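So that we are looking at the same thing, I have put the structure below in structure tokens.
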Amino acid sequence: MLDYVIGKYNFWIYAVLMMIGLYAMMGKKNLVKKLIGMNIFQSAIILFYISTGVKTGGATVPILMGHAQEHGHQAIDVAGYLNPLPHVLMLTAIVVSIATTGVALAIIILIYRRYNTLEENEILKIRKDTGV
Amino acid sequence: MIIKSTVDMTRQSDDVIVKTLSRLLIPFIQIYALYVIAHGHYSPGGGFQGGVILGASLILLVITYGLDNALRRMTERLNTILCSLGVFIYAGIGLLCVILGGNYLDYKELDQILHVGIAQARSLGILGVEVGVGIAVMAVMVSIFLDIATGGLPKK
Amino acid sequence: MAEQFPALIIVVPLIAAFFIPVIGWWKKQLCYPWVVAVLVVTFISSLGIINTIMTTGKFSYRLGGWAPPWGIEYALDYLNAFVLVIVSFISLMVAVYSKKSVEDELPEKTAPFYTLFLLLVAGLLGIVVTGDVFNLFVFLEISSLSCYALIAIGEEGAPIASFNYVIMGTIGACFYLLGVGYLYIATGSLNMADLAVILPNMYHSKIILVAFAFFTVGVMVKGAVFPLHIWMPDAYSTAPSAVSALIAPLMTKVAAYVMIRIMFTIFQPRFSVETVPVMTVLGWLSFIAIFAGGIKALAQTDLKKMLVYILVAEVGYIVMGVSVANKIGLTGAILHILNDAFMMACLFLVVGAISYRIGTRDIHKLHNLNKIMPFTMGAFTITALSMAGIPPACGFFSKWYLILGTIEAGQWAFAAALLCSSLINAVLFFRVIECAYFKPMEPAYANDGGETHMVQRDEAPLTMLVPIVIMAAGIILLGIFSGNIISSIIQFAVPASF
Amino acid sequence: MIWQLDLILCIFVIICAIAAITIKDLLAAVIILGAYSFFMCLLWTEMGAVDVAFTEASVGAGVGTVLFIAAVSKTKRRSKD
Amino acid sequence: MKVIALIAAIMTGALLIYGIEEMPKWGDPNSPASSHVSPLYIQEAIEKTATPNMVTAVLADYRGYDTLGETTVIFTAGIACVLMLRKKRKGGGD
Amino acid sequence: MEVTILVQAADESFRILEESRNRARQVLDTAARLTSEAQILQRKRVEAIFKGAKQTKADVIKFISTFILLMGFWLLLSGHYDLFHISIGVLCCGLVSHISHNLLFANPRAGDMRVIVKRFIVYVPWLMYQIIMSNLHVARLALWPKKLIDPKIIEFKSKLESDISMVTLANSITLTPGTITVDVKDGVFYVHAVSKKVAEDLMTGEMEDRVAHIFMEADHVYVQDILDMAPIFVELK
Amino acid sequence: MDVVCSSRPLWAVLVSMIAAFLILATGEKNRNIRESWTIIAALIKFLIVASMIPLILQGKVIEYTLFTFYPGICLQFRVDAFGMMFGIVASSLWIATSFYSIGYVRSLNEHAQTRYFFAFAMCLSSAIGIAFSANLLTLLIFYEILTIATYPLVAHKETPEAIIGGRKYLVYTLVAGCVLLFAIAMTYYLTGTLDFKAGGFIGEGRGSNGILILLFIMFILGFGVKAGIMPMHEWLPTAMVAPTPVSALLHAVAVVKAGVFGCLRVILYVFGPNLLHDLGLWILLAYFISITVVGAGFLALGQDHLKRRLAFSTINNLAIIILGAILLTKSSMTGGIIHLANHAFMKITLFFCAGAIYVKTHKEYVSQLDGVGRQMPMTMGAFAIGALGLSGLPPINGFISKWFLCLGALEAKQIVFLFVFLTSAMLDAAFFFPIIYNSFFKKLPAGIVPHFDEAPMLMVIPITITALLSIVFGIAPDAFVRFFSIASLAVQNILGAG
């Protein structure tokens, strides 16, 4: 049990981060807060992916060093480099996350223009009052 | 209904220190961004990161020197064209590979026009693609920032 | 050239979309013909693909020339070729239709609108055509992002609806991404075909189970399956009419496609049906969805809102077909993807045309609409009959297979739900038809023009009418030829493991 | 990969995340989000994902925060929860 | 809403933690993630693409299509903001 | 009777005279105005040509110096000195210099760069010395806090003119421990000083003088400017 | 049994459908052309149907397969003796109804005539489709088309009560359609086929007795709604708000007969006499139907509205037909099948008369009819013939069918049902005789002088013809189209197979 908790503590931490993000996305009334939660959620997922690429035992960043560059034919030690694939995927995910944030912020500005508030419950109230 | 006056991030800053320092820093930021794009093969970084930094340098320009000054350097139209151009470079390189007889984005076909060997052709293909990404990301970042910070480019 | 169709079908709309902002600066009027021309090319490519598949069988396309588990692969089989044709055809029709409604609703934003329109279509096509789970996520985001923006420029209340959609959609996409991550941890692969080979050895694993759960929930959010549909009614009903006509039929259908893909291609039916109780849960959720959607729709007076709630129920149909997990039920589900895409598209187009001409969508204010817009109302009636499951319109046939599927699975309640739902649909649509065809003018209204006041015929403009009529005709033709469609395509599209 | 550093960074990240969603001043929350991104970026560097860390530094802590600030300064700074 | 959010978050967390149990050991070089597809990238990248940074090689070449998608996502976001917010500027453009 | 007629005639003739004089004056005025307008236009044109020529020359210089600076930076960063990478570097530097040359050297009155750089290099050790000295002072303050700490904001009007010099001064003040530049507004510095001694040190104005010296301001004639202008004047004449 | 492949059944169905669209295309402006389409189509249809009689009488079966929906299910036409019976009735009476309708709508100057004739033609088309369908699914398709096509006719008047009537009609029939759909799906699941087979096919499937009973109940419920079996009859009197030709069509020719036809198909061709005997279902149904027979008769007595009285009479007679079939003896079946035709002729006469009276005098209630016979002797004469026929008096054709039915009851050794038949005949007499008596012999209210004033010729001629035909068929049941031979052939097939 102890091993279950400690040996994989980082997974626990990602889970906690994701929960925080998800809670903020759904539970917070303020729209910007929701977006902050969204960013936290997304980066927690990214963290999760990155940690799948980790290799213990002397693996370094996935950039070929030194002479290996010149002598491409010599065998490259696979265990010496981290797994590049999750990094690639997460680059894309970060981009997606910033793009989503940008669009969402633009929508927030549209909302603010119309209702002059960013609190979800107030907006709902205004909408109910105006009957739309 | 009184709309609370909001802070305008695109007004010219009246702080001389900020203005001067950013003036001095921007060219270096830009060259660093281009360095990041060009050296994506050897070091961390690449088109996306470089593009973001390049965009950030322009955003800095907008924040310190105001929207109109910045737009004189990078007009709305140019920005839009760069957005499209960047992505088009990427997609266009892919399409070029198709035209040269390979599959989509198969850079080894570029060897036919570059005459450098397959691995080098791929490397150059990657570079070209990164440049496209950089341009697109730069333009888009600036565009998004302008839209959000000004609420859609108000009066001149 | 033919072997390049899979690449072209995505790349052509993408590249075309990149040109639109430039075209918009130059000459605004050119955007529309450009989009239509591009979508025609796309449609032809999709036909080319399905033709290739029907003559030579399924094939794959390697992007960048890299072998599958390492590079990205397009795996084309009957199922996605079929959905491709649907998506490209309906988007073409909506594009043709969009001219007047865009001029009317968004006069100053033509260029960005059409850019996003094409990007949305490209994203949807990409989701369908790709054979890589992560690539699917990327295209999912392309389509979602353009969707958010397109919805947000709708009428009053659209931005907040769109924001809710952003939140829910991001949760869905992130869950999907988490699912991909768990699968990746367990298998190290991202290729669907590769996953399908690796996975059967590890069905007992909890990781796989969790991955499956996240996939399911993520796709359910995107596809607005019942309890996770809450974002959808507002978003779809406030969007501009051309947009809702595009996304309402396609977004949900593509999500349903992804669901079928995940459940029966990546995972074997053996896993999806036996190892996890998800099918039962899904079945009952769709059961509730069918009723809840129908009942909510009954409460609406806004025609578009009503359609949106019906869409919830229709998604329930497809999910129900998936959840019974037998060959005939799945046939019904796939056929319903086609039929419902047509019906929904037609209905939303009609509603758009009505609000363009009459300026209202209140179902109680549609008096004499059959005289004002006879063709539009004709199309509406045909679609309504189809929705109510009246043969020979296509809705009947998908319902028929779905019912057969539920009976074969022994789920009597589901069959009953399907039947009740067609009754609810009948009530919903006959309310409108009754009002449009049989209710005379209201006295107060009639007094203005007097008894002799003849209602002027004021049909929707041709660019709107043509797609509507084509869709309506399509509904009948699909019904009549549903046998041929099943025997030549869907029969093979049902995953082979059944 | 030093697990002590890893743990400390993780804890910082969680603290930042909680702070970012609880603080009522949105501008402060956004800045804390920037800090969160920065810690994230450190964490990734420490895990060897330099490219991703670089991207996060430029995007999450850079442009992302700027966009947030722009939006907050364009709207309201106070939040009610 | 807060309660629902809390429940959803806790359920998600529970699901995540449920899956943790059978995860490969943290940083295991022989885990499937590190041993199925990725070794080839590490071995081949320099030879096939002359790019020492494997991340770049994979990003722009092996999975270049993803990156095209990614760029398109960014482009989409830019155009989306233009569509939603951009107003006509007096005197600027048409 | 005659008298009245005479008077009338005289009045009339006076009036006519007056009118004609007025008209003549008007004509003269118009002529004068037109000439002066023409002159102003002429002068403006000359000024424009002069300015444009000056601008172009300054631009070229700015471009080249920016380019050199950036290229140095690039080479420092790059670490790949083959033809391919250097040519990319040249391309990039050219691009950045083109779009940003008027940022790095925005002030046309910046004077001779060589002189500035030389003087700046001389200035740096002095600044270092100052920093060390005030470090010691602040350390003493920190150790015996009660006696000497007397924080206050002092303000003074600087004689510096250009932005760059003011920024240098402000940063120098901030760099020296104990003092922080809070704000600079229209040449007035608001500095937060931690004790009386640092405030007095600052108020002696030595640092300001040195900065002014670097940038050749306030007590310097703009020799370079005149040298710049001379050939253009010659050409124009 | 020889099978002949011919597209004639298809054309018989299509002819009126094509006519319907021609009518729609011609529109309101060219009335004569529009109505000539109706008549031409009616004649052609009759000729096509009649041309198939000789083949049928030779014991052959005409088949035509249009599409295959799914392995084992086709859209298929098959003309057998029983279907021929219904087909010939429907197509021949359509001619009469067409002429009559033209007279009716023109003299009342109805609105929306194009819609009226369109729906009318569609109804006939689907009625023929029902008659000639080869399997349950085809039957269902046409059955649903019939439902929908009838709706505009019921709600034709566009008054609130017409709309309510339409609504009620739709609710009843659509619910029935759903039940049927389920039952058919179930049947397919059990047996893997839906093709009708003389003597039944469902017993060969894998259904347990309980499920078969359930299925039977569902089938009867489904078809029974249109046939007006007692608890589900409510829509029929309400639908009397429709114009009289529609009522005639509804109650005599197409709609209710389609229900009865469906019931008989199920009883005789899906379940078959043997199975029903084995399950003991027949006796239950027979008692159940008897309630309708007697109940409807008593209810009819209480109606003052003429058309409503006729409606209850219809319910009564339809129940008799079903009762005849369910008694499962040779004579009773023959009687039932032939009553299908005979009742049609008599009832249509009665409705035509009611319409003619309404057109001329705007009288709708039985109590108002005093002395009408003197004003409209031809009409009332025909009315008398129809009424007497229904009461089973020779030499009118009602006598023959009732005779066979009574014989059947004796054959089945169920004296109860003999009394049911007799009671029904009595009741028929009881509620028709007063009308005839009053109209001819009762004094008019004081001050009104009766004068000879018949309805327009276009109405009177059809009335006369149908009345005369009733007599002719009563004297020579095998005249012209040989009803009797066809009916006995059908019975022979069923019993022979069983």
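Note that the chains take the letters A, B, C, D, E, F and G in the order they are written out, and that residue 1 is the start of every chain.
Keep in mind that, in the parts below, contacts are C-beta pairs under 8 Å (C-beta built on N, C-alpha and C of every residue); 3 or more make two chains touch, one makes a residue touch a chain.
In this text, all values refer to a predicted model and were calculated from it rather than measured experimentally.
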item	value
Any chain in contact with chain D as well as chain G	none
Chain pair with the higher count of C-beta pairs in contact (A-C, B-E)	B-E
Most distant chain from chain F, judged by the mean position of its C-alpha atoms	G
Cα-centroid distance, chain A relative to chain G, in whole angstrom	70
Inter-chain centre distance, chain C versus chain G - centres from mean C-alpha coordinates, in Å	43
Rounded Å distance between chain B and chain G, as computed from the means of their C-alpha atoms	77
Per-residue overlap in chain A, given as positions that touch at least 2 other chains	10, 16, 18, 20, 22-23, 25-26, 28-29, 51-54, 56, 59, 61-63, 72, 85-87, 89, 91-92, 95-96, 98-100, 102-103, 105-110
Residues of chain G whose C-beta touches two or more other chains	none
Touching residues on chain E, where the partner in the complex is chain C	15-16, 18-19, 21-24, 31-38, 40-41, 61-66, 68-70, 72-73, 75-77, 79-84, 86, 88, 93-94
Touch list for chain B against partner chain D, complex	4, 6-9, 44-46, 48-49, 52-53, 55-56, 59, 141, 144-145, 148-149, 151
Complex contacts: residues of chain B adjacent to chain F	14-17, 19-21, 23-24, 26-28, 30-32, 34-35, 38-39, 42, 61, 73
Interfacial residue positions of chain C with respect to chain E in the complex	14, 18, 21, 25, 28, 63-64, 66, 69-72, 108-109, 112-113, 115-116, 119, 122, 126, 134-135, 138-139, 141-142, 145-146, 148-150, 152-153, 178, 182, 184-190, 198, 205-207, 209-211, 213-214
Contacting residues of chain B [partner chain C, same complex]	77, 80-81, 83-84, 87-88, 91-92, 94-95, 98, 102-108
